[in-house]
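Each of the next two complexes has chain A plus one other chain: chain B in the first, chain C in the second.
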Partner chain A sequence: MTSVLRRIGFALGLPIVLLAAWWFASAGSTNFFFPPLSEILDSLVEEWFGPRLAADVLPSILRLAAGYAVAAVGSVALGVLIGTSRAVRGFLEPVLEFFRAIPPPVLVPIFMLVFGIGDGMKVIVIAFGCMWPILLNTVEGVRAVDSVLSDTARTYGITGSTRLRKLVLPSASPQIFAGLRQGLSVAIILMVISELFAASNGLGFAVVQAQRSFAIAETWAGMLMLGLLGVLLATLFRIVENRRLAWYHGLRRAQRSS
Partner chain B sequence: MTRSTSAVAPSSPSPAARGGAATSPSRQRRRRIPQSVLGLGGLIALVALVEVLPRIGVLPRRYFPPSSEIGSALVEQAGRAEFWQAVADTLQGWALGLAIAAVAGVVLGILIGSSRVTRELTASTIEFLRPIPSVALIPIAVLLFGSDIESKLLLVVYASFWQVLIQVLYGVQDIDPVAQDTTRVYGLGPWARIRYLTWPTALPYVMTGLRLAAAVALILAVTAELVIGNPGLGKLLATAQSSGAIASTYAIVVVTGILGVLVNVVFRWVERRALSWHPSQRGDIPV
Partner chain C sequence: MLDVRGIKKVYEGKGRTVEAVRDLTFTVDQGELVCIVGPSGSGKTTLLKIMSGLLAPTAGEVLIGGKRVDGPPPGMAVVFQEYGRSLFPWMTVRQNVELPLKQKKLTAARRQELIEESLAAVGLAEAHSAYPWQLSGGMQQRVAIARAVAYEPQVLLMDEPFAAVDAQTRADLEDLIRDIWHRFQVTTLFVTHDIDEAVYLGQRVLILSSSPTVVREDLAVDLPDARDQLTTRSSPRFAELRAQVYAQIHRPKEPAAPEVPSGATR
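Moving on, here comes the complex of A and B:
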């Protein structure tokens, strides 16, 4: 019982102290750039959780989800194909490394030229930007399938889609999830960046709009909203990962303690 | 460019990636066609494809210049002082931001990680602040600093700081309890303990953190230039795009990619040098 209280205290202590410090330090603030926290929170609740939730936040999330889903499915499929053959892998690896090394936001101006400025462009930018970490990690995971397991599967005549579902994908999944996690943070960045150019709605668009019209409290509130979204998505991802990879984390723990 | 294992390491040192990095060098043994020849072939094929597809009309020529045009735009850019100034500006923001983030991350990481109380006390705050996308800071960076270098630094430092900090925290927790007790028994002071126990234990993690941070820092430096308009490659790219110089736009994208690859190669080399004593880098020992 006390240990639970202790854990809660540890988890909430510092955030409460920091928030309280921010609240009181900014309470009577007349500094134009640092409005009182109470104003920021008012704006957060009224604007961002009010009309802007459907008008700006939702479109952003939908574009993010579409781009990320396309990238995840496409990259894992492609990664399995590339990872299975040593020659294909060797042939493509430097090319993929090069594409991965390009900072994804620089693609926005180019994709704007090619695909215009609609929703499609934003989804494509997100998908194209976050596919490289997923793809390269999948290739690496498939490549590193345990050779004993692989030989065993072959001996038992397990081939084709059964081999893929029962052997290749599960044993590559820790790496695939590592790639998916990296891809997610790239996707959030690109969601915001793609809305800074020629957009008419979206979280990034609305925050910059607020900043350009010097609505300072609203700008801060928008940043908090972006932060909350980032934290929420990261938490969701961790829940999914912990469920899917429970066997793997358990295995690691057992190996470590032995 | 022949090894890619460490390039695909995840943002946090999940056991999978570290395990993978430790076992993979043993897979390098027998090869029919050398990896480098295959890889070179791949790059040549890419260049050839980009040359041919727009010329035969598979890709619209207006938006996809053939690689020869990109190449000549690249050569033309390389002859201009403006271009090299932009490269220097980008690298300056990158290096400065990375240095600040690295020092802050290592110092804070060792301070926080050394005690269980501080570790548990800060865990929830770190878990909350870390996933906040650094681009969320763009508006406030613009408001406070305009397009001065500080706004670029703010983004670069925020993004790369967490990469270093998280890795250092993992590293400090990895200390061997026997070694720790030994230093106590021999009466090593706190400074000597950090120097001879904590630092060597955490070094592999620090190196991973630095390599990831270096890549992220470059992305954010270019992004800041592109969006905020700080001088640098990102701004040059935005200018080229808005003036309709398509081939130059592609050429600058290629340059940022080359910079990214260089950063990766250099940091992997530094990592190997700094950790030449560490078991993970001596991969020929069967595990």
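Moving on, here comes the complex of A and C:
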């Protein structure tokens, strides 16, 4: 129990020091662009955890969730296909390399032309941007299935969809999770970027809107909100990952200690 | 039960062909425990992969119960040398044993029965919910053996299963194999490079030459059925048999038969 408290204290130590430093350094600030932290926090609570939570934060999170989910499911499925078939790999790889090389923000103007300016476009931008790390890691993971394990499955007649569910996906899951983690941070970035263009709500939209209307405290608070959202999502991700990959971490520990 | 007829395997590489197995013919009867012993690099693993349907032979055929093998046959279980890479690390011991049984579409009650019985037979009745990597090497190989036994195969193939465990564990596992073979009456083919192990375990020992492989000798082991690490291994007959196997393995090779293409030897 005390060790848990110590760990929490240790983890929170630096953030508290930084916030305190910010608080005192900005306390009497009269600089228009650097308002006191107290003002920023007021705005965070009143605006971002107030009306903006439903009006802007929630739509952002929903688009993020939709884009990320589409990318995750699609990339894992495509990754399994590419990873298992040399023919598919040879056929698709050059094209995929090309698409991967395009910085996703650049696609926003084009996607706006093709898909309009609604939620659909934003979801597609998020999905398109964050699919690459997931896809590439899945391909690597699927290709790296152990040959002895694969032979074992074959001798026991484990083929087709059972092989996929019981052998290929679990075996690739450490890499898939690594890809998903990278994909998540890309997705958050693209969530904001997609809202900078032709949007009427969302975190990215609201931050830019606040800045343009010189609501400086609210702009700062929006940045804090994005940071908090990122931390929250990363924490949720880690909880899921630790549960799903408990076997992998155990295996690694066992291999290291032997 | 198991018929191996004129098996030949030539690996075609770039500008170089390697004849791994030249001509192997032997049979294993129902319920027999036969050891295959040969020097390292004698194509033992190639032979095992061909028998288990994981690899197609260049010529010849393998029959199990009269049926030709062309892909992993349903009535066969294989225990690999690399236990650490043959158990599914994301599954518990129990799930590892159960997976092939589910694939065989057995009822839950029957699966339960087989899991209990096989894990008890290998001395791991307490380890159902452990993960393989929480167990020692010898215990992991026991799980692999339990999984194979629970599958109720017609033929059990073992590919140097104890090559990677320590000597004491190895002796225990050898006795376990004899015990399991008695108990489940399963036709067992045990591949090893260890001469003592082959003589100690087998009713028969098939001695292979170095590659390109042929059968040097098919030796009946006339030791008493009840074997014991101490008394069996120190008996004069054991020493004679082991000397005989040793001599065969180290006998210089006769020149290759003229009809074999040149460049095939390694």
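Assume the second predicted complex is superposed on the first by the 249 of 258 C-alpha atoms of A that agree within 3 Å, B and C clash if a C-alpha of one lies under 4 Å from a C-alpha of the other, contacts with A are read in each partner's own complex, and residues count from 1 in each chain.
Throughout what follows, contacts are C-beta pairs under 8 Å (C-beta built on N, C-alpha and C of every residue); 3 or more make two chains touch, one makes a residue touch a chain.
These figures come from a predicted structure and were not determined experimentally.
On the superposed chain A, the positions of chain B and chain C stay apart, so the two partners fit side by side.
When the two structures are aligned on the shared chain, A:Gln182 is found in touch with chain B, with no touch to chain C. When both complexes are overlaid on chain A, the residue A:Pro15 reaches chain B alone and has no touch with chain C.
Of the two partner chains, chain B is the only one touched by A:Glu140; chain C is not.
In the superposed model, A:Gly83 lies in contact with neither chain B nor chain C. Shared-chain residue A:Tyr248: touches chain B and chain C both. When the two structures are aligned on the shared chain, A:Pro35 is found in touch with neither chain B nor chain C. Touch criterion met: A:Trp220 reaches chain B, while chain C stays clear of it.
For chain A, the partner touching the most residues, choosing from chain B and chain C, is B. Shared-chain residue A:Thr152: touches chain C; no touch with chain B.
The minimum CA-CA separation between chain B and chain C in the overlaid arrangement is 9 Å, rounded to the whole angstrom. Within chain A, the residues touching chain B in one complex and chain C in the other are 248. Within the complex, the chain B residues that touch chain A are 1, 4-5, 7-12, 14-17, 20, 23-24, 27, 33, 35, 38-43, 45-46, 60, 63-64, 120-125, 128, 130-140, 142-144, 215, 218-219, 222-223, 226-227, 234, 237-238, 241, 246, 249-250, 252-253, 256-261, 263-264. Residue ranges on chain A touching chain B, taken from their complex, read 7, 10-15, 18, 33, 87, 90-95, 97-110, 112-114, 133, 136-137, 139-141, 143-144, 174-175, 177-179, 181-182, 185, 188-189, 192-193, 196, 204, 207-208, 210-211, 214, 216, 219-220, 222-223, 226-227, 230-231, 233-234, 248, 252. Those residues of chain A that touch chain C in the complex are listed here as 146-149, 151-152, 154-158, 162, 166-167, 170-171, 173, 247-248, 250-251, 254-255. Considering their complex, residues 49, 52-54, 72, 74, 76-78, 80, 82, 85-86, 88-91, 99-100, 103-104, 131, 133-134, 151 of chain C touch chain A.
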